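Several structures are given next for inspection.
Paired with subunit B in one complex and with subunit C in the other, subunit A is shared by the two complexes that follow.
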Partner chain A sequence: MPIKWVLHWQPNAGHTVNSQILAEVSQCVESINGVKEGKWKATLSFYRPVMKEQANPAEFPRDFLGISLPEQPNKYYFVLRGQRLVVEADSTIQTIMEKLQSYKTRVALNFEGFQYQLGDFQLRVGKVVSIQSESLRGIVMEMEYKPISSWEKSHKIMGEFFDIWQEALSKRPLPGHFVHMEPNFGEFGLSGQYTLQHTAVQYATIMLQMIATAQSVRN
Partner chain B sequence: MLRLDGSRRRLDEISPPVKSPNLAKSHSTLISVKRVRLNHRRRPVTADHHLISDHTTLDIGKGKEKCYNQISSKVSMECVVQGIIETQHVEALEILLLGLCGVPKESLRVHELILKSVPNLGLEASEIRILCDLMQPEPAWTVRHVGGSMRGAGADQISVLVRTMVESKASKNVLRLFYLLGYKLDHELLRVGFAFHFHLRGAQITVTVSSYSKMLKLHGTESTDDNVPVSPGIQMVEVTAPASAENYSEVAAAVSSFCEYLAPLLHLSKPGVSTGVVPTAAAAAASLMSFSGSTNM
Partner chain C sequence: MQHHHHSQPPLQSAGDLIASPPESQATSTDAPPKQVALAMDRLANAARLIADIRLGADRLLEALFIAGEQPHQSGSNKPLNLIVQEGASMRQYLQDLRTIGRQLQDSGVLNESLRSRSNSWGLHMPLVCPDGAVVAYAWKRQLAGQAGASAVDRTRLALKAFTDQKRRFFPHLDDKSVDGPVSKKQRGTHTSTANQQEEFSDLKTVSDVLTELEKEIAEVKTSTYQRLDWLKRASLLPNDTFDESPKDHNNFQSSRNIISESRGAVIAAQIGVIELLIPSVFRAVISLHPTGSLHPDAVAFFSPDEGGSYVHARGVSTFNVFRNITEHAAMAPQHFICVNAETALYKLLLWICSYQTLFTKVCSKCGKLLSMDKESALLLPPVQRPYRNFSVSKNLSQNSSTKDQSMNDIPAYHIGCFPQE
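Right after this comes the complex of A and B.
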């Protein structure tokens, strides 16, 4: 499984994301000879416990994430960030969760956009939108390097490519930048060989960051 | 291999035997499976209304069955019947199944963990089964949810139980997931035996013959000292087939038809409807064993 970095757009202080930024980012990928290939889409849902009135909320996780990825549409990933747990299951697990009625999905987000090919790299640029309101919540970018599946071995080449990308983007006056956050995969029990569970953990990590950013803007 | 009429015949090539009240007939039944071709069409269920208790409703029209509205095509169902057999007759049953199914058996060793939600989680209590297949080189984990069974006059007319059932394969840490979500281990069982998987009239049938053991030590699947048979001397036989809202009637008919072949050895009925061992089992088993002894196994 090729290595992948999942990046998110961090707006400068006092700014928010907007569709103009997304358009500029997409143009920038094309300006460095990225060949547009097609659309992609991932989804992320927040599951929250259904509790009886007398329940102590501390008894249960406040929420956890359910993620579907375009590489394996028949699989589904659960991430409990606090407990450092990532679970891979068949997509039918969503039906099982519905039937149990102990946790419900409260917020669901789509990550969708276009995919580009750039030599051995595959780039995906996408908007983060709420399924309910379609409002733009953020911008994400996936950077995949096909020849390598070892997280450690890929670090140098991924870092170099990220620098080139940042430089290309810096030529446009955009109010923010892409951030790469590296989760501690070992804490989740994941090895250095890249899997889709690594991707799910990265999505959970950027989600946390995007929520923190949204909250700081609101405050 | 059990030979019927000189050559092994598959179930879909033969017709169901007539249920026989005595052993003499049962014996002839076992062998008579070779004679007639199966073109038997069962009377369709004609109930007006079936109810599946976990929030799904089935409306079934007269004659040709149709399902409407509230049941989604995603709803997975299964048809199931169960029975018991004395362990001493299991070998005969295996010979019969081998001859009928025309496929080799698979060994079964499954660790079943039954989890229940803690009192304050969910508006109603819920139960989930986590299964670990110990026959695989790496233990393979599955989450199973068994939902409500079909109810109503129409369901009563069918001799098999139709219920919702959803399964999902999962990574090995799925048990930890459910513990963290607020599910507690209610009990755990070790199921050991064998299974046959085959197709009959469009239904994908699985027959399992197994014994259940309680565990004396938590997760003690390794040593036989750590588990005790739930019903010594008795094995559980279960016939299941996945179905959908569109085809469950045909699948139920196929399962029901298959059960008739096993009638001399055991009686299969809806789960919860215990019918015990059949009085003809010993003689039927003896005749099967002698029959198999004279043929090339």
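Right after this comes the complex of A and C.
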């Protein structure tokens, strides 16, 4: 499937993310001939183990995430970041998890927004909203190049597209910038051919960063 | 000729070869078979007259020659009489020929006015085909056409044989005068081109060409299909036939050889489609016409992840980048055939493989990989690689560093950066 880079918004020190930034970003996409196509939505859940008595919390994995992605609505992806594990499961697994009561959702996030076509590229701009509080927690973007699915072969062209995007965005006075972090897919046992597992891992990777950012703002 | 008599009625000309007026007047009411027979007769007569004219000209020249050699001989009226005689009969032959020509024209044989007209018998007037063959019935035109085609082939072979002999026995003679227009295109390439093309002309079958190609380009995976088989395969794409690991490549390679060996020569004659895959970069589909030959006639580029019945040599990719390459490559097969039909397929496939750096090689003009094309408002990598003056020398397989160099030397351009000539 097509290569995708997931980017997240890194606000400058002392600033937060707000809907004004989101609007500017969307306008910028349209200024480079992006054609708005429709909406997209993904969800992410942070799980925490349900502790029985006398259980040692340290034994249980901490970074346990579950992600549902719009490309495959009937699949659900689990990522154990610490252990470098990613698994694709049927979406009915969520029912099983509720029945098992072994892990519960600590935080649930929605990623939603619009998607745009730029020739062979597809861009998605999305706000990160906490389901519980409905507050804007961040901004993510997905950059997709549809013709090829090899991570290695596409790296240069994605890099140039990222630079073009950064350049277009830098013309607007915004307090922050987009960051691309490249996880080590090999550690997760993933091949060079892009899959939704790769997307799940990218989301899991940026979550850590976003949480750290949010915490530093709070402090 | 000094005389131009237009209105001499057939009756006045001597000779028993011309049809009498009553018959010619009744021509239009004759049944078609009779018309056809008449026309065939007239054509035969015309041929005979032409032969007579040729002979007469010979005799005239001979008479003039003799007269010139012995100007003062007594009783040397003989050559003069000969000349006068021959002159008279020549004039007669030419006259008769003109008459027959007019008759043939009137009956619609030479001027094709009746070609499309079909009468109740379903017969057409005899036709004189472009290569000179005369056919009585329209359905024989097809055969005559084929005869014409084979005549062209025979001529081409004869020319090639003559050129080869000339090169072999008279190397000191200038080659340019023989090769004509082809040499203009070769101007600028060094003199080893002629030898190089002889080397490439060793590649006589599609299998030879593909084996040689795989030696030159390590990453390419090739396969051949009959036309219908390709359609089946296209609908099943993309699949995991081509695994990235070298082990599987070897297995596939050997299985292809086994298949081709076991089925023998039958397969070679039925190959209509060649598939070139550079894994993770592109898939190119080339069609051969006629089937079983080494003549490429169309090529199209696709994403390696694309599949469906539209994936064929005249199909169009759903992605802009491959659509643009296909457009740019539209005239490439014809170009390579024009330069040298024998090596056209190999050169075309080599040129196609130069696109293996499609997503990594920056534009040779602006130095960037992505550029916004003004016309289409699309961000595209350099999709245009020149195929005119494309020449790659045959590299020995042990010389791997130069091999890489020669393929990388081919420039790449964005649409707007392509040098205008």
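A few notes on this one:
Rule of thumb we're sticking to: the second predicted complex is superposed on the first by the 217 of 219 C-alpha atoms of A that agree within 3 Å, B and C clash if a C-alpha of one lies under 4 Å from a C-alpha of the other, contacts with A are read in each partner's own complex, and residues count from 1 in each chain.
Quick note on the criterion: a residue touches a chain if its C-beta (ideal position, glycine included) is under 8 Å from a C-beta of that chain, and two chains touch if they have at least 3 such contacts.
As the structure is a prediction and not an experimental result, all values here were calculated from the model.
By the touch criterion defined above, A:Ala212 lies against neither subunit B nor subunit C after alignment on the C-alpha atoms of chain A.
By the touch criterion defined above, A:Val179 reaches neither subunit B nor subunit C. Once chain A of one complex is fitted onto chain A of the other, the partner contacts of A:Phe78 are limited to subunit B, with no touch recorded for subunit C. Once the two complexes are laid over each other on the shared chain, residue contacts for A:Ala23 go to neither subunit B nor subunit C.
Touching more residues of subunit A than its counterpart among subunit B and subunit C is B. In the superposition on chain A, A:Asp120 contacts subunit C only, with no contact to subunit B.
After overlaying the two complexes on the shared chain, residue contacts for A:Glu160 are found with subunit C alone; subunit B is out of touch.
Of the two partner chains placed by the overlay, only subunit C lies in contact with A:Gly192; subunit B stays clear of it. Residue contacts after overlaying the shared chain place A:Ile148 against subunit C, while subunit B stays out of touching range. Residue ranges on subunit A touching subunit B, taken from their complex, read 49-52, 54-56, 59-61, 64, 78, 80, 83, 85-93, 95-96, 99-103, 189, 197.
Listed in rising order, the residues of subunit B touching subunit A in the complex are 54, 74, 76, 117-124, 126, 128, 143, 145, 147, 164, 166-171, 173-174, 176-177, 180-182. Contacts from subunit C toward subunit A in the complex involve residues 244, 279-281, 303-305, 319-322, 359-360, 368-370, 372, 376-381. Listing the residues of subunit A that touch subunit C in their complex gives 1-2, 33, 118-121, 146-150, 152-154, 156-157, 160-161, 164, 192-193.
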